[in-house]
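Got a structure for you, written out below as structure tokens; questions coming shortly.
Per-chain residue numbering starts at 1, and chain names A, B, C and D are given in the order in which the chains are listed.
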Amino acid sequence: MFRNCAIIGCGQTKHSSRRRDVSVAELVGQAVDAALLDAGITMKDVGCVVSGNMQGFGGVAQPDLWIGDWMGIPGKPAIRIATGGTTGGSVGQGACYTVASGMYDISLGVAWEKHSDSKEAGATTGLMHVGMGNLFHALTYGLSLKNLIATTAVGAAAGVAVYQARFYMNRSGCRQEHLDMVAAKARRNAAKNPYAHLQWPNCQPSDIAKTELIAFPFRYGHVCPASDGASAIVVAEEKTARKLCKQPAWFLGMGSYSDEENQLQSENYGGVGVIDPSEQMGCRVSAQKAYAMAGITDPQKEIDLAEIYQPFPSQELIFSERLGLFDDGTAWRHMEKGETDINGRMPISVSGGVNATNAIGSSALQRILEAALQVQGKAGEHQVPKKVRKAVAHGWGGVTNYITVTVLGNSPR
Amino acid sequence: MPYLKDERPATMMVEGDWQVGAYRYKAPRLLEEFSAGMKEKKIIGSMCMGCGKVITQPRNICGRCHRRMEGRRVLSDWGTITCFVTSPPVEKGRYKIFGMDPVDTGTLKLGEILIPVFVRFDGSDSNINCLLLNAKPEEVFIGMRVKAVWAKELKGAMSDLEGVEPIREK
Amino acid sequence: MEQKTGVIVVNGLPIVQAQFSWSVGSQMQSFLKALANKKFLASKCPECGYVYAPPRNTCHRCYKKMGEKDLVELSGKGVLLGWTVAYVELDGKGNFVDLKKPKIIGALRLDGANSTIFMPLEADARDLKAGMKMALEWNSETKGGWKDINYFKPAR
Amino acid sequence: MDKRVAIIGCAQSHHQYDVQKTREDLVFDVAKEALANAGILREELGTVVTASTDFLDGRTISNVFLSMAVGAFLKDESKVEEDGATALQYALMKLLAGAYDVALVEAHTVGWQFNPHQVSFYTIDPLVDRQVGLLNDISAAAIQARIYMDKYGVSQEDLAAVAVKNLSNAASNPFASRRLPDVSVSEVLKSKLYYEPLRELMISPVTDGCAVVILASEDKVRKLGCCCPVWIEGVGNCQDAYLRDRNLLGMDSLKKASASAFAMAGIQDPFNDLDVLEISERYAHEELMICEALGLAREGRGKELVNKGVTSMCGELPVNPSGGALGADPICATGLVRVVECVKQIRGEADGHQVGSVKRALAHGQFGICAQKNTVVILGGE
């Protein structure tokens, strides 16, 4: 890349299911404030603002036009990036590109979601709206209601993830109890992260196993919540970063590749050529690109920590393999041995991850932010004991076909 | 850690809506072809003349080759299960769609166990999501051979393909 | 096999709509509640003195925070900056509907405020002039919500 | 800029309302054409940036089912919810950062799906203006027009003259949607009144359309041996405060955006340094305000440019020879269509509306109510 840039400030809000105390604009303002404070700069120093969320969930189109005032946008260049679940990841990378291009010296990346603004639980209409056109189309050609329920409602919140989990379990030999373990780990870790949503100190797999079954293999205890929250990062070029920050988290590599739709549907209810939604070719390619940029040849040895976008526990296992952290089909064995725990060999999602806190638009930015905190050694109670030299942050979205992979390090390339 | 303990009591709310249902869309005639094929118990897929992939329901564009999928193929109505999910017994209020409860409308029976499956019909490179019928949850496995179950009265609609059932030796 | 060309139109189901309820935050809550007492609140930036009507918690110029203590009350009188006579309006479903009686939408700057508000006007459009004094007309019953403000009319 | 980036290929659809194509086909055809225009295959692409919005497209994650159509299978892909010109800027930044060397920028809007003016209502402050329920982009623009006209003594006829110029220019542009060769000022003033003083022909028509531009870094341009690259000499982008706290009389954000673009391109005197301008004027009065903000005329004197014919097709400095946004306005694509038109002018390929030899052109894109966000792109020939 042209010039080095680094994260010098991180800010996030407390996440919970209903942040009724603030309007969405004020929520965003809180995260931005915290990030500026952390970076030790004022709004005047910021050159460019990159922001994003999922507009259908909050019911405001192009919210940056209105909320811009709370992000310090007036009179500044601004870009709004929205790519579904990966929005946050794309925003983080966008903030990096604006600085790396040489156009601006300090950029602010902001992402947020306020699910509770929607009257439906989890903003259902906004979510279903992804395939609404397809659905209306299929209904005119006699899609039976029973089949519709089979395809959409059985999975409910789980959607395609339940099939994806099934594919993964079939090819790797992972069992339902391993999903319980991952979910319990996420809740446990979240208890150490004051900003996280679903906190459950000392949660054990047996606690998760007691929750009701949604559709095998998923239980209610496996599912991510719908949170309100915002996060923001400050990205600066090399000289500024060194001046302002003792230990910046340097951007080493980035990739965000899109695969063919993985969710059985393409535009206008067509089919797709992906048999196995747990294949995730996009993630492999993104990781390749990001590692090549970062000069990483053996991710298993060189990566110290991963923040994975895992709304469902199976995805932590799938994507840790796809990011090259474990061999194909072995992630659950390593997890079983405790290697992905907070004090393990390859700590994964020590913040609790998306499984514990899911403000969709901001979730992927939070992965970058949490990885940066670990690299900077500022994570507090959930800081991993070992030194973090290189960390990878992952984002996942679209109809399970968009991936962002960002590699951060404690020294520039 | 600013703004961590700064939570204040809930404030009031103002309301608004978004008329999602007022949108309209344009679609190609592919699904029309597909459902018309159902009348003759044919499952139609589209084929890319570049890479030879056959996809059903037919789609318009092959992303791999970046070209239109101009070929058409009729697939076998036998196939293989590539993935399945078993639901817990159906309860009231569990699967609400557009505010309607399918148990009340008679679409689903109380206590029924649904087994949605991914089926790869022979000759295609894609899955179709449908229900597995006439089978017990414990006997399903990935790789199971199944055949299509057609409605008694074919209407030329997507509902003509009611689901799939295991192929049993007589 | 015959391939069909052309497109078909897929209409949405009119019953489907997304509904929202936005939390207003504390500054806006004070504003809405004060409407019940026929008070129009604003907030003044402690740094640059910019006055926001309705109030809010962040200044867009100097990025300072404002709180309860920065609330100020305005008189409800203001100056007309510009206006338009609406002959159509949107029906919420994307159609423009012709109005039988045209509406006037005014951009006003309340006395003591720096921001602009956009409110309905009751006046003869031919009499309107930029810079004219306007006054708020409250609804007969005020409950603490946007409906409390009926319209603005030329001040005598 | 240390590195240089050029536009090596571009294409646009025939913009019209209710185009008989699906959204997927619309995008696919234009992307295919642009790749052919650049003379490269999809495999050469490094990154893809698309521009559309969920509310306009009627789908959450509006780009998700289009990734295949635009050619982004296993490519770096992201969507900006902005005008196409801003998407171009984002792609440019990715190239300047050295992460990729070829980028495809796509922007589209299918206005037929849902009234974009209704969508503009959904963009306003939900706690205040949406509750009052009066504003949308046209009514806000009408108030702005009124303030502008009152302050500078601009008449309805002056606005109509802008519409006449652009709509008759559009008649010679086969891609435009509202093409009225012999329209007169009185006809414009007789068209349906929406929000006084804005009438139907002073408001951009709702259009379905798509535009695609392909960018390449300098090394790649040489390697590919492109015959007529058009270089991006400068870009600027700026967003203003929300409507309530903005100076409606001037376009402050455009002034800032153009200042940074001019500085980047080394332009001191835009009137003499530029050969043609393509701007996104959603309403007739905006063309006057934009010309003033760009420094082509003193404040309030924009009408003279039109009345004296300076900005006409064969004037000293043609503005919108393609008809501009009044000719066709596929919201997200409008800014990118302006870029495409500039490229055509520089290449000398603008059939019917070529303005003579063009060395340097300016394309402008806007987004939000009353042009809240502005992007300026300066393009130059070899």
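The definition used in the following text is that a contact is a pair of C-beta atoms (placed from the backbone, for glycine too) under 8 Å apart; a residue touches a chain by one contact, two chains touch by 3 or more.
All values reported here derive from a predicted model rather than from experimental measurement.
**Q** Both chain A and chain B are touched by which chains?
**A** C, D
**Q** As a test of understanding: of all chains, whose mean C-alpha position lies farthest from that of chain D?
**A** Result for max centroid distance from chain D is chain B.
**Q** Count the touching C-beta pairs: is B-D or B-C ahead?
**A** B-C
**Q** Taking each chain's centre as the mean position of its Cα atoms, how many Å separate chain B from chain D?
**A** Each chain's C-alpha centroid was found; their separation is 40 Å.
**Q** If you average the Cα atoms of chain B and of chain C to get two centres, how far apart are those centres in Å?
**A** Measuring from centre to centre gives 45 Å for this pair.
**Q** Nearest whole angstrom, what separates the Cα centre of chain A from the Cα centre of chain D?
**A** Inter-chain centre distance comes to 33 Å.
**Q** Suppose each chain is reduced to the average of its Cα coordinates; what separation in Å results between chain C and chain D?
**A** Once rounded, the distance between the two centres reads 29 Å.
**Q** In chain A, what residues contact two or more other chains?
**A** Residues 19-23, 33, 56, 59, 69, 74, 119, 125-126, 129, 132-133, 136-137, 260, 266-268 of chain A touch two or more partner chains.
**Q** Could you say which residues in chain B touch two or more other chains, in rising order?
**A** 8, 10-11, 13-20, 22-28, 32, 60, 62-64
**Q** If you look at chain D, which of its residues touch at least two other chains?
**A** Where chain D meets two or more other chains at a single residue, that happens at 20-24, 55, 58, 67-69, 72-73, 114, 118, 122, 126-127, 131, 241-242, 245.
**Q** Taking the touch definition from the header, please name the shape of the chain graph: line, ring, star, complete or other.
**A** Its topology is that of a complete graph.
**Q** Going by the contact rule set out above, which residues of chain B touch chain A in the complex?
**A** 1-4, 6-11, 13, 15-18, 20, 23, 25, 27-28, 30-32, 34-35, 45-46, 53, 55-60, 62-64, 82-88, 94-97, 102, 105, 107-108, 114, 116, 118, 120, 124-131, 142, 155, 157-160, 162-163
**Q** Touching residues of chain A toward chain C in the complex: what are they?
**A** Touch residues, chain A against chain C: 19-26, 29, 33, 42-43, 56, 58-59, 69-70, 72, 74, 114, 116-120, 123, 125-126, 129, 132-133, 136-137, 139-140.
**Q** Can you list the chain C residues touching chain B in their complex?
**A** Going by the criterion above, the answer is residues 1, 3-26, 28-29, 32-33, 92-94, 145-146.
**Q** Touching residues of chain D toward chain A in the complex: what are they?
**A** 1-3, 22-24, 48, 53-55, 58-61, 63-69, 72-82, 86, 89-90, 92-99, 119-120, 122-127, 236-242, 245, 252-253, 256-257, 260, 367-369, 372-373
**Q** So in the complex, the part of chain C that touches chain D is made up of which residues?
**A** It is residues 6-7, 12, 20, 22, 24-25, 28, 50, 52, 54, 60, 81-88, 90, 92-96, 102-103, 105-107, 114-120, 125, 130, 146 of chain C that touch chain D.
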